[in-house]
Amino acid sequence: MIPLAPTDYDAIRLSLQVSLAATLLSLPFGFAVAYLITFVRFRGRVLVEVLVNLPLTLPPVVVGYFLLLLLGKHGWLGSLFNAAGIRLIFTLKAAVIACAVVGFPLLVRSMRIGMEGIDPQLINASRTLGARWYDTLLTVILPLSFPGLVAGSSLMFARSLGEFGATIIVAGNIPGVTQTIPLAIYEYASSPTSETMALSLCIVSVAISLVVLFLHESMAKKMARKN
Amino acid sequence: MQLSMAIRKNYGSFTLSTDVTVFGDRVGIFGVSGSGKSTLVSVLAGLVEPDVGEIFLNGECLFSSLNGINFRPEQRRIAMVFQQHCLFPHLSVKNNLLYGFKRCPEKYRSIDFSALVEVLKLEELLGRGVTNLSGGEKQRVALGRAILANPRLLLMDEPLSALDDTLRFQIIPYLKSVSSEFGIPYLFISHSLVEMRLMVDTVLAFEKGVMVGQTTSEQLARNRMGSSQVGYINLLKLGRPSDEGSLYAYPWGAARLLLSEKSERDESVAELSSKDIIIFKQHPEAISARNLLQCKVCSLFSSGRRIGVELDCAGNTLISEVVQDAVNELGIVPGSTVFAAVKASAFRILPG
Amino acid sequence: AGDVNLFIAASLKEVINELSDSFARKSPGVKFVKNYGASGALVKQIENGAPSDVFISANLEWMEYLKNKNLAEVSSIGNFTYNAMVFAGAPGKASSMRDLIKLERIAIGSPKSVPAGKYATEAFKKAGIDKQLGKKLVMAKDVRECLMYAERGEVDGAFVYRTDVLQAKQAKMLFTVPQELYPRVTYPMAMTGEGAKNRDATAFFAYLQSDEAKRVLLKYGFSSR
Amino acid sequence: MQLSMAIRKNYGSFTLSTDVTVFGDRVGIFGVSGSGKSTLVSVLAGLVEPDVGEIFLNGECLFSSLNGINFRPEQRRIAMVFQQHCLFPHLSVKNNLLYGFKRCPEKYRSIDFSALVEVLKLEELLGRGVTNLSGGEKQRVALGRAILANPRLLLMDEPLSALDDTLRFQIIPYLKSVSSEFGIPYLFISHSLVEMRLMVDTVLAFEKGVMVGQTTSEQLARNRMGSSQVGYINLLKLGRPSDEGSLYAYPWGAARLLLSEKSERDESVAELSSKDIIIFKQHPEAISARNLLQCKVCSLFSSGRRIGVELDCAGNTLISEVVQDAVNELGIVPGSTVFAAVKASAFRILPG
Amino acid sequence: MIPLAPTDYDAIRLSLQVSLAATLLSLPFGFAVAYLITFVRFRGRVLVEVLVNLPLTLPPVVVGYFLLLLLGKHGWLGSLFNAAGIRLIFTLKAAVIACAVVGFPLLVRSMRIGMEGIDPQLINASRTLGARWYDTLLTVILPLSFPGLVAGSSLMFARSLGEFGATIIVAGNIPGVTQTIPLAIYEYASSPTSETMALSLCIVSVAISLVVLFLHESMAKKMARKN
């Protein structure tokens, strides 16, 4: 058996929480942004694209710094939340936000590939049958971009499981509170005596992503069978 | 329905340009492949925006480049049967059929789902996905989906092209009755003259994107007699037949026809090609053709190398085709009396 | 009693873990929230409102920064402990700074970001071998990474802290860098404004400077002076 | 071509099961929507693997579940015109057309690209993408692509359904001539009786996945004469025509026939349906039919409700169909003399 | 103007080199793997999937560590190359490999979404027209999965521009030799005096990804216009 410390169980739980929350939280936004970029021609489209892709290009640590500036006490968003009595940084919320931001470009890109593959005539068909744009969005575009959505979510979930750089900066590395698997691995790995522990956590991480992968595959298969 | 379209739409080398006002609830669109029929109905449905022009349906402006009016497709209540089906791959047959129905305001919902499903023979397919349907099955679902949207205008782009005759001639009367019963006018695209004549009254003929004529479906068929391999198809309304030896005798207006085919219905429609009618000046003796009708020549018209002869047989009209030599030799002129011989096997009763 | 938020340079992890555990045994009810990371990141976090009471840096620069931002209780600023630079590698590779020029590949911390790296380059300069070493240097993200390279034999040797090499398995300490070649390796400590108001934190801060703490530090290879 | 298929393929509630051997180069597949026609040709092309069975083409085993043989589609050299076109969206019309051609070994390449493009009226479309083509244009590209693959067997799934009559009747003779000239047999699916009549000799009839009848060209003609519109097709060998007023006079053995169609060749073959021949006991006067031939009755045979009459016209054989009543009334018995009337427009000269 | 040190120009050049090389190098492999997973049913398919997705789930530092084990002097691959006289670690090659490995799952996933959207009847059509599997692969599947390929490449390129954790371990952080933009940013950011320099490099990084983004968009548009 793989030896795991009690804080490791915490880390696993936290990682799952953070990844799941980040993925679920991002889904509606990701879908909306992907829809906007793919189907709507509007001013500032390029700006949206750049913003979405920004976290991908920058090293996660840098993203973490920017998030710290944004969510911190004096930050634009952080001060807002502070006024409402909510502290973001150094909480699990910050970890979720970090993972969401870092994984967002992956989610949006996957969804876009899915959406771009939709036959425009199907959208036309739904509109001649009386569906308004939001109706078409929900009943045609959403289900037809489902493969992209599922793929994007699983990408994002996996990416969140491995998110380290941004998380450690905005959420800190506090065992039992914000220490997710990658942070725990980092801690173990930085001391030569606990390398096996690091390896154990790696294996756990891989195992989780394996489960997610299988879920994704079976979802894709289920949808294929429907036809 | 009163529809007027004065629009232009350019696609590189192809330009659709029409300026037409059409009255009537059953309108056909005819033209060779690539003449712009599908483009026209897409414009009407709001899926393709014309470069310039105006569209009015029953007095209401749907599009006007001048006034910046452009109703969105979902605001037009114009349903469309697409040439390439365009079924929703993620929905079952049933949910495809009901897609427009669910979005139709309650007050307009008048089509009966189960009657439609029965006519289209879709009962057994309702639970299935649409991806693996056969070509004809897909086409029927597409047709049903558009009708169930209870539109105020129905556009049909070759909706029967993938169907066998039996189905086709069962669906045609249904479409007509739905149209008249619920007041749904339609525009019907087809390459089949027979479908045209059964389905529509008025035909808009297109050539290279330009409307070249607005005629009746009857007239269209006569015009095309000469160039068609099958000639002009007479459509005869027959009554209930009685046995007559090995044949069946059908009342046809005041006249009586012998056919080799039997029908169980009170009313049938039979096809008869203009090529299957032979004209005699005098009553011939001992002829194998079972029908010998005394007719009066109403008019002559030419179509290609052939001459069409419009005959009046006891009040019914028949079109026969002959060559010019025969006209001269037999002295066929309007007003003259001739005998038309038709074999009992030349008729074809349309299924229905 | 409540939480004590510790912001500690990652290299002090083991020693602080032991110290906080023994303190917690003595004062039940005190709960430590430990955040280990790079000194710069820790300072940035404090600056942006992360809950912190005690900060121990591996780097004087960042303590200076914190002080300038008025985020540290000036009276509390002091030196927690000291460390020494050593050269670690496979036995027999080198025994003095002079020997380094015979080697092929030497790992040091990135001079701009890792104090140990900066100290190493200063030492090279003072020893007059910086030109010869120029192309042989591999810059690592931190000292642990340097040691890892040495452990795996990817480099002939690495400049690391004495405390690190004690934990090494393969790599051995080959020589200690003479102190005159580089400034003292100092771990400054401070209480934040918040920490000064936290009784448990001040108690722990005092404990960190106690003789008992010094004994523990010694055990891990740190020097108290 | 000799094709034998003994296979079963199950799709939930639908099962295709055939056990048939068919000879002949022009084979039609007929059946209502959903009867399994497309499934059958997909099996033949190697796109759908049967559950069990065997397929032999000209003695070569293409599939055998027993022996574990299953040639891949690309090994079969069987090209297919898909019901839903399936054009490559990333290629131009020209590159779609040439896709199979390029992959065909040099020695088999015999179809002329430009002649094909001309018949299919695709000249102006060659440089275009295929996504925005009209329905009929897509269908023509799909047809051209399959032919240009120079296959050893061509499967066509309703290849003409989206085309207007003019195009259709221009393409049909081309298809037939390509087939005979380059020895490419074909299987042809269509719902149109006219197309079937023009395109194929043998018809396989399907109902609910089961083959319910196979008829070779001779059997087909006699069986269907009684029950369908097609009748028996007489094939007449004609000589070089001469002008005769607006008509053309062709030598036919010792006799002479007037046709409205012109041929430039020294020898032509014309089709004449048994239904287009009317028999008289005595010479009629003043008749629109331009051909009146004195014949001797050779034999009588019955087919369904109709009677086939084999006639000898100056040494040529003709089959006419009549009903039993006519046989009795005219006293048609072997050996008697009758007159056969045929309209000049009833003949169809086969393109050669 | 943004102040940039000479080593920063090196870093920019190196980053571009590494990202481009990693992307181009991965393309054929990514395509092959995506094809295998999407179209071929074979034993060990799951294993391939897990291996491909592994670098996504693990923190890049861990990936870097594993790569070090693999490519190092005593590593399985490293010793092979060593025997051939090629040193991998602490060279740009190692940086390229690190970026390739970390970005690979993104590339493959994008390509898969693209491939799964291909109408199977088109593949059937090409085969009845005499195309063998590899012919179909090149002339039908490749062009039709082009949108996924382009999207995947741009994702991967952007991800490579930001790759830090794995690169710094296997390539070291040697200015002018292996120091890419993220590494340089890290260095600047970890000293309080050079934060503006870090920011400058961030802006450069974002600008580069912007250019890539536009290239991607215009490529996608060009393809759309073809129809």
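As written, the chains take the letters A, B, C, D and E, and residue 1 is the first residue of each chain.
The criterion applied here is as follows: contacts are C-beta pairs under 8 Å (C-beta built on N, C-alpha and C of every residue); 3 or more make two chains touch, one makes a residue touch a chain.
These numbers were taken from a predicted model, which means no experiment stands behind them.
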Co-neighbours of subunit E and subunit B - touch as defined: A, D
Top-ranked pair of chains - ranking by C-beta pairs in contact: B-D
Distance from subunit C to subunit B - Cα centre to Cα centre, in angstrom: 90
Interchain centroid distance [CA atoms averaged], subunit B/subunit D, Å: 26
Chain centre separation in whole Å, for subunit D relative to subunit C (CA means): 91
Euclidean distance of C-alpha centroids - subunit A vs subunit E, Å: 20
Touching two or more other chains - residues of subunit E: 65, 186, 189
For subunit D, residues that touch 2 or more chains besides their own: 84, 132
Residue list for subunit C, restricted to those that touch at least two other chains: 148
Pairwise chain contacts, counting only pairs that touch as defined: A-B, A-C, A-E, B-D, C-E, D-E
Subunit D to subunit B touching residues, read off their complex: 11, 13, 31-34, 37-39, 83-84, 121, 124, 132, 134-137, 139-140, 157-158, 161-169, 191, 193-194, 198, 229, 231, 245-247, 260, 275-276, 278-282, 284-290, 305-306, 320-326, 329-330, 332, 341, 343-346, 348
Touch list for subunit B against partner subunit A, complex: 45-47, 72-74, 76-80, 82, 84, 86-90, 99-100, 103-104, 129-132, 145-146, 149
Touching residues on subunit A, where the partner in the complex is subunit B: 119, 121-122, 124-132, 135, 139-140, 143-144, 146, 223, 226-227
Contacting residues of subunit C [partner subunit A, same complex]: 10, 13-14, 33-37, 41, 44-45, 47-51, 142, 144, 147-148, 151, 167-169
Parts of subunit A lying in touch with subunit E, wherever the complex brings them together: 46, 49-50, 53-54, 56-62, 65, 105-106, 109-110, 112-114, 116-117, 147-148, 151, 155, 158-159, 161-165, 182, 185-186, 189, 198, 202, 205-206, 208-210, 213, 217, 220
